[in-house]
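Pasting the structures in now, so scroll down.
Here chain A shows up in two complexes: once beside chain B, once beside chain C.
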Partner chain A sequence: MPTVSSQDVLALAPVAILALGGIALLLSEVFLTSGKRGYQAFLTVLFAATAGLTAFGATPGKVFAGQATADAFSAFVTITVSFGLALAALVSASWLDARGAERGEFYALSLFAASGMSLLGMASDLLVAFVAIEIMSLSTYALAAWMRRGKKPAEAAFKYFILGAFSSALLLYGTSLVFGATGSTLLSDVARGPLQAGGSALLSAGLVLVAAGLAFKVAAVPFHVWTPDVYEGAPTPVTAFMAAGVKTAAFAILARTVLAAYAATGGAADSAFPRVLAVLALLTMLVGNLFAVPQRSVKRMLAYSSIAHAGYLLLGVLAAGLPAVRERALSGVLFYLASYTASAIGAFAVVGALESNGQPGDEPADAWDLERLAGLSRRRPLLAFAMTVFMLSLAGVPPTAGFVAKLLVFQAAVGAQYLALAVVGVLTSALGAYYYLRVVVYMYMRPAAEGEPAGVTSPVLSVALAVAVAAVVVLGIGSEPVASLARAAAAVVR
Partner chain B sequence: MAHSDAIQVAQPLLWALILLPAAGALVNGFFGRRLGKGNVALIAVGVMVAAFAVAVFAFFQLFHGEHGTVLRAPGDVWFRVGNTSVSFGLLFDRLSGTLSLVVTGVGALIHVYSTSYMSHEDDFGYARFLTYLNLFVAAMMTLVLGDNLALTFMGWEGVGLASYLLIGFWYTDKQKAFCGRKAFITNRVGDFGFLIGFFAVLSLFGTGDYAQLTQMAGKLQGGQLIATGPFAGWTVTAALTLATLGFFVGCTGKSAQLPLYVWLPDAMAGPTPVSALIHAATMVTAGVYLVARTSFLFALAPASMAVVTTVGAATALFSALIAFAQYDIKKVLAYSTVSQLGFMFIGVGSGAYFAGVLHLVTHAFFKACLFLGAGSVMHGMHEDTDIRNMGGLRKKMPWTHLTFLVSTIAITGFVVPLSGFFSKDAILANALFAHNAMSDAYPWVGPLAYVLGSLAAAGTAFYMMRLYALTFAGEPRTEAARHAHESSPVMWVPLAVLAFLAVVAAVLGLPGNWALGELFGRFTHPVFAQAIATAHVEEHAATAWPFIVAWLVALVAGGLGYAMFAGNLKSIPARFVEVFPALTRFAQDKFRVDELYQWLIIRPLQVISRFLWKVGDALLIDGLLVNGTARAAMAFARLFRTLQNGDVQRYAALMAVAVGVILWTVLGRGGN
Partner chain C sequence: MNRTFSKLALWAFLALLVALFLGYFITRVLPDYLPAGRAVPPRLGDLVFYACAAATVAGAAGVAFSRNIVWSCIGLLIALLGTAALYVFLSADFLAVAQLLVYIGGVLVLILFAVMLTNRIGEVNVSNQSLGLGGGLAVFAAVAPLLMLVAVLVPWPVRPPGPMAPTTARIGDEFLSTWLLPFEVASVVLLATLVGAVVMARKELKAD
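Presenting the complex of A and B:
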């Protein structure tokens, strides 16, 4: 029976703060005396900031006999998730307010989801990871259904729930097989390989199933099929939070699991496990980018773009298999996640600000059509500028964060001798420029359609967009502080 | 305040030298239109005066403490690529300190002048102009203060951008917009050379930091073989010759030397304060600054020194000759600038580093004064720039006349105590007598530069006196000239200050055996000490005769110029045109260099581009690759859209099949 020390509790402080924040926001709804809910978003930001700062200052160490690990890696994940949560909360405030749907429960669910994400960044045990994934997922299922009276949100949430349950089953089944082969669910034990000589097939099967479950969460092809429908159907701020937060947390645990799996299966680059991962990365990059091209709905385009980015991130995780470039590859992945968080939430925020403001349920079919962006540079020059920055970053054009992120990941892939995949990555990025820049073309070079509404304006949204733009530009020009944090975080993962 | 405390204060303050003008540009750029002209002017001039005050404060700290004190504002790592990390930090030593004073001081005066000169613009144009001007100063200070090549290059590109924006300031005029483009594109050719030099230095030393480079270069011997890297097997001299020649190609672009000088005369399309600040006093001297800053590298590459010196001398004479036949007051001054920049390159190329930089400083004073004077004349003449239409402005514009005369004397140097005389003749005497690595390897370079330079000096005296005589002396030749009027004090007071500086700056360059002799030479010695040691620059005995020769040359040529255009020899120019009509036209057409480039480079490029556009771009890339890819992607997407039909069962089935396939693959291979 392991003893519980204060270290165990302290290390979990960021998770606890986020969970406490969720409870606080639930209670705020109980004691609400007026209809004013403007403070709830700020409360959320406050809890997110506190959690991020706590994670930054946390002492590294193993928690509860190694079931979780508090280290620079988990701190980076928590900080990124908290940053995403804060941005998404600010974006949600105006979006929900405009639709009369702002409730404390929304923020509470976001905070619970974030606590799951933060825990996922720490998890170094498959069962703890499973619990964290469930905390995260259940909250996001509910968030996706937030505008429940509309047809699309309900359908999206239900799809997400059913398929998510399917992937959880895969994950759990895989975990049980891994336990059967190694007698433990601790990743450090899994890395040692099977207990008995004949157990390697069992272990491989278990690891494949675990990886498939995680691939669902990161939206890797062919486990991505839910993504476009769910991302499009969910309320836009929720999509923003899911795209950024869920991806960050899921990639954190995927990286830790893959490294353990490499160690357990011999780690040679030509063994089956890396090959499968390479095929997944290839498919994800190709399908994500190719499917984004014909989309006229900006929101659906961003959903496919999210899949494409998962492909680049998978390439980074794959490269991390080679010990010589592990640190570079993982730091690239972490930097990529931070950069994608700012860019994607910003882009979804702009989409949310422009979509039809009507009653839930009568969202027109073209709510997110490219046409709505036409002539935006005349109507809302600053909004158009912000969207341009996000599009350039997602496309990977310097001097934005997305460029540095892609550079780091592709460099690592080249260093790990995945030349063909790196070339595919660069080529598909070039393809990506087509659909990202199309948005810019619509904003700056197409005349505005008659009677296009100006969309939502609110100071809170402006602040969120300004922060996101600043983050994208600062990460692009002065990438070194964050890049060095990411390097420090990557260095601790074995 | 103890001096160490003052230095502690001054070091972080260095950032203000860049941030103040940048802030001025930001505020005026975003809100200028709404602020009104008064506030815009106040902000733009205010930040410049504040920056100048900071520069003065920092400059005084250099005199405290030991010889060669430098101020540093260390910066963090900017970015890291592989093993090379580039930091951003500022370096304020006796070289960059001098330049900072010139840029902020002359810059402040020109800002003041502009507030009146540009007052005819509407609110938007006025704010736009002062925004660009502030932006330029911020970029120029980055160039000057950067403690590594990367930051210098950033400033280098920044001033290029500001220059482009300002030359094409009146962009609705097609010709002026074209001039802006010409300047930008010509400079891009040079920038390519800068980058080659930069990358060569990076691969040789692994850093672009000047302090580290100085240290590492100090340990090198020219004949050493390089063991590793892309230059393995080269000698240090060979590798550094490549690097420094790359830098110098950049300099021929930015500082308008042969063969890339063609953009500078056309840059006069910009408003006159721009010509004064950017295309005479500061930006165009960036190349001289770069050679001086990297002098320790040039010292290891005597061939590069010889190239710099020769190109400088050739440019000095070539453009002086063009200036003979120009009738546009600003064009004459532009060719004069190209010529004077040539003198500076003779200086920094032949090992007389201090003299080259000193000429940069004095030239900033008198040439800015001349340009602003020309602007004042243009104001008085209702924007007419043809000197044939002027004459007799002496009485109409007394202040403009007086300052213009003082500056003309300073640049020609026929009244001894004015500044241009000593800086120019220090350069020429040094070129003739210098004993250093370059003169050991290429003994003919120094004398050649001396001869060409002296001829150019004679030419300078001639065309400047011609300019002065046609503009100010004699009787008015047109109605406009008869009704010309003096400009407002806001415009002539900066002129007077600059003219005053042009006179007193002479103190800095007195010859070695005078009282206060070589003040500037001794002041800048710490900066160039290593280059002087590496290139074995030897002191030469100060002799009087080159100075006397130079003085006589200036006197005769200048007197001739005045006599031929305002005095008794007036018939000669007309006779010359009669006797040598072809030569005259050739000179008036600026030796047809633009036409040469048109035929040699631009036309062939156009033909190739047309071909590439029609066949390569329109047919292959647009038709086949871009649209073809898009069509293929569309077809591919349509094919797979059947899978994405929103049916949950189908999604789950797809995932299950995928898991099955993967399991089969892994177990089929890895299990055995």
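Presenting the complex of A and C:
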């Protein structure tokens, strides 16, 4: 019988801190004496920062008999998630306060979701991964339903819940098949292949179902249909957190699972797995970018762009299959996730600041129309500048973080001989530049419509935007420290 | 016209399913029980097993195909009962009872209460027509043969059923040793679910 040591418990400290933070925020509502809730966002930031620092100092090693792994990889994921949580909490504080909807439960659910994401970064067992995914998803379903003004939020939450539950079922079914074939849910055992001859068909079927379940979570085409509606209907700060955090955590477990799947199905050379993944990456890059082009709603455009970015990330995961470029590819993916976290949360924050206050029943069809951004550079020069930085980063224009991230991932893809896919990636990025820069054109070159409101900003939102802009620029110009961290993190994953 | 066609397609699909099941049963399962193919006569337990399995599948089909939500609930009841019976066949006594208590005693009653308390839930108006019967059939055609093939091809390790002994103590031991991490973390799942349910059920927020 395995015994639990203090090392086991200490390694999970970041997860525990985030979960305890959620409980603290819940209790803060109980002891509330006034209507002032401004401190709740700061408490959330504090817990996120503590969790990130704890992850940084954790002793590496396998814990709980290999069911979870505390290493540089999980630390990187936890830090990225905590950073995203802190940014999203600040953005939420401003957005919710303007609508009189700020409550401790909102931050509690965000913290619970982040604890699930952090655990997902550590999970090296399919069952633990499933439980972590459930923590993350159930919290985000509820967050998506936080505001019910108008029809879209309800539809978003419901769609997200139904399709999320369906993908979890796929994942669980796949896990049971994998367990049947290998007699274990540990990824290290799964990597050894089937227990007995003839079990490989069962293992492949199980792994395909697991991969499909995870593809739902990262919104890869053809498992992406829920994304635009959910991202558009959910409260904007929640969308920001979903886009950044869920993507980071889901890609972490996807990378670990795919590496195990490569090993289990006969090595990267003759496994059929890379081909499946290559098709997914290709479709995701194409569909995400092509569907983003005609969108008039900036929020919906960002949703499709999030699908497109999942495609580039899948390309990185695909390249990681080759041992020679594994370290480069995985470090590229990690860097990409960090840069996407800063850019996407920043972009959604600007979108959230510009949308109408949304009185009950007041849900204009053009709430996020491009026209709302017209002339922003004259009304709100700093807001327009911040949005420009985020758009450039998402488009992958130097000297922003998005450029370095794309460069690292495409380099790895070329190194792994996926030349055609890398070319498609570059071409679709060029297509992406069109719809990202259109936003910039509207902000700087179109006159504002009459009576267009200036948007809601607050000191906390300014801080969040400043931090996000700084992160995007610093990751773009002085990318080396973070890139070397990502390399160190990628080096430990086998 | 369109409606009759989709109804026809549905029935054809169901008939195909039944035909597939019968074909599998006659070619794969039945020979083992015929006097020539097998020395031992069919045991009663085997027949009960197939009855339970068939009830489970039929119940699940009822959930999916019934347009009336109360009939879907009854279908779910049959499916869950059948699953509980299958657990008994695997000598998983604790699991079988937990299935009865939690799913049939708890979840199903909850669903029926929800149906009772909800207005006009009977007239379901499917608003999303983008992925109707055609899409469903396409997905089914892609996935079902694959899974069936796997089920038939894989040499499953066959073991005689274990002795009927209480498993509760062992499950408890496993939860608090091997599976301590997921077991403990599941408490966070429950907490997040409770908070989320309250958030969804509360009144629309107003500034206070």
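The rule we apply is simple: the second predicted complex is superposed on the first by the 487 of 494 C-alpha atoms of A that agree within 3 Å, B and C clash if a C-alpha of one lies under 4 Å from a C-alpha of the other, contacts with A are read in each partner's own complex, and residues count from 1 in each chain.
Throughout what follows, contacts are C-beta pairs under 8 Å (C-beta built on N, C-alpha and C of every residue); 3 or more make two chains touch, one makes a residue touch a chain.
Everything numeric in this text was worked out from a predicted model, so none of it was measured.
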*Who does A:L170 touch here: chain B (first), chain C (second), both, or neither?*
first
*In the superposed arrangement, does A:P60 touch chain B (first), chain C (second), both or neither?*
neither
*Taking the superposition as given, does A:P381 touch the first partner, chain B, the second, chain C, both, or neither?*
neither
*Who does A:P323 touch here: chain B (first), chain C (second), both, or neither?*
neither
*For A:A201, select first, second, both or neither according to whether it touches chain B, chain C, the two together, or no partner.*
both
*Answer with first, second, both or neither: which of chain B and chain C does A:T265 touch in the superposed model?*
first
*Does chain C touch more residues of chain A than chain B does, or is it the other way round?*
C
*Can you list the residues of chain A that touch chain B in one structure and chain C in the other?*
201, 205
*How about chain A: which of its residues touch chain C in the complex?*
1-2, 4, 12, 15, 19, 22-23, 26, 35, 63-65, 67-68, 99-101, 103, 105, 108-109, 112-113, 115-116, 119, 125, 127-128, 131-132, 134-135, 138-139, 141-142, 145-149, 157, 177, 180-181, 196-199, 201-202, 205, 360
*Using the touch definition up top, name the residues of chain C that touch chain A in the complex.*
146-147, 149-150, 153-157, 173, 177-182, 185-186, 188-189, 191-193, 195-200, 204-208
*Flag every residue of chain B that touches chain A in the complex, lowest number first.*
76-80, 629-630, 633-634, 636-638, 640, 643-644, 646, 648, 651-652, 654-655, 658-659, 662-663, 665-667, 669-671
*Touching chain B in the complex: which residues of chain A?*
158-159, 162-163, 166-167, 170, 200-201, 204-205, 208-209, 212, 216, 222-223, 225-226, 228-229, 265, 271-273, 275-276, 287, 290-291, 293-294, 431, 434, 478-481, 483-484
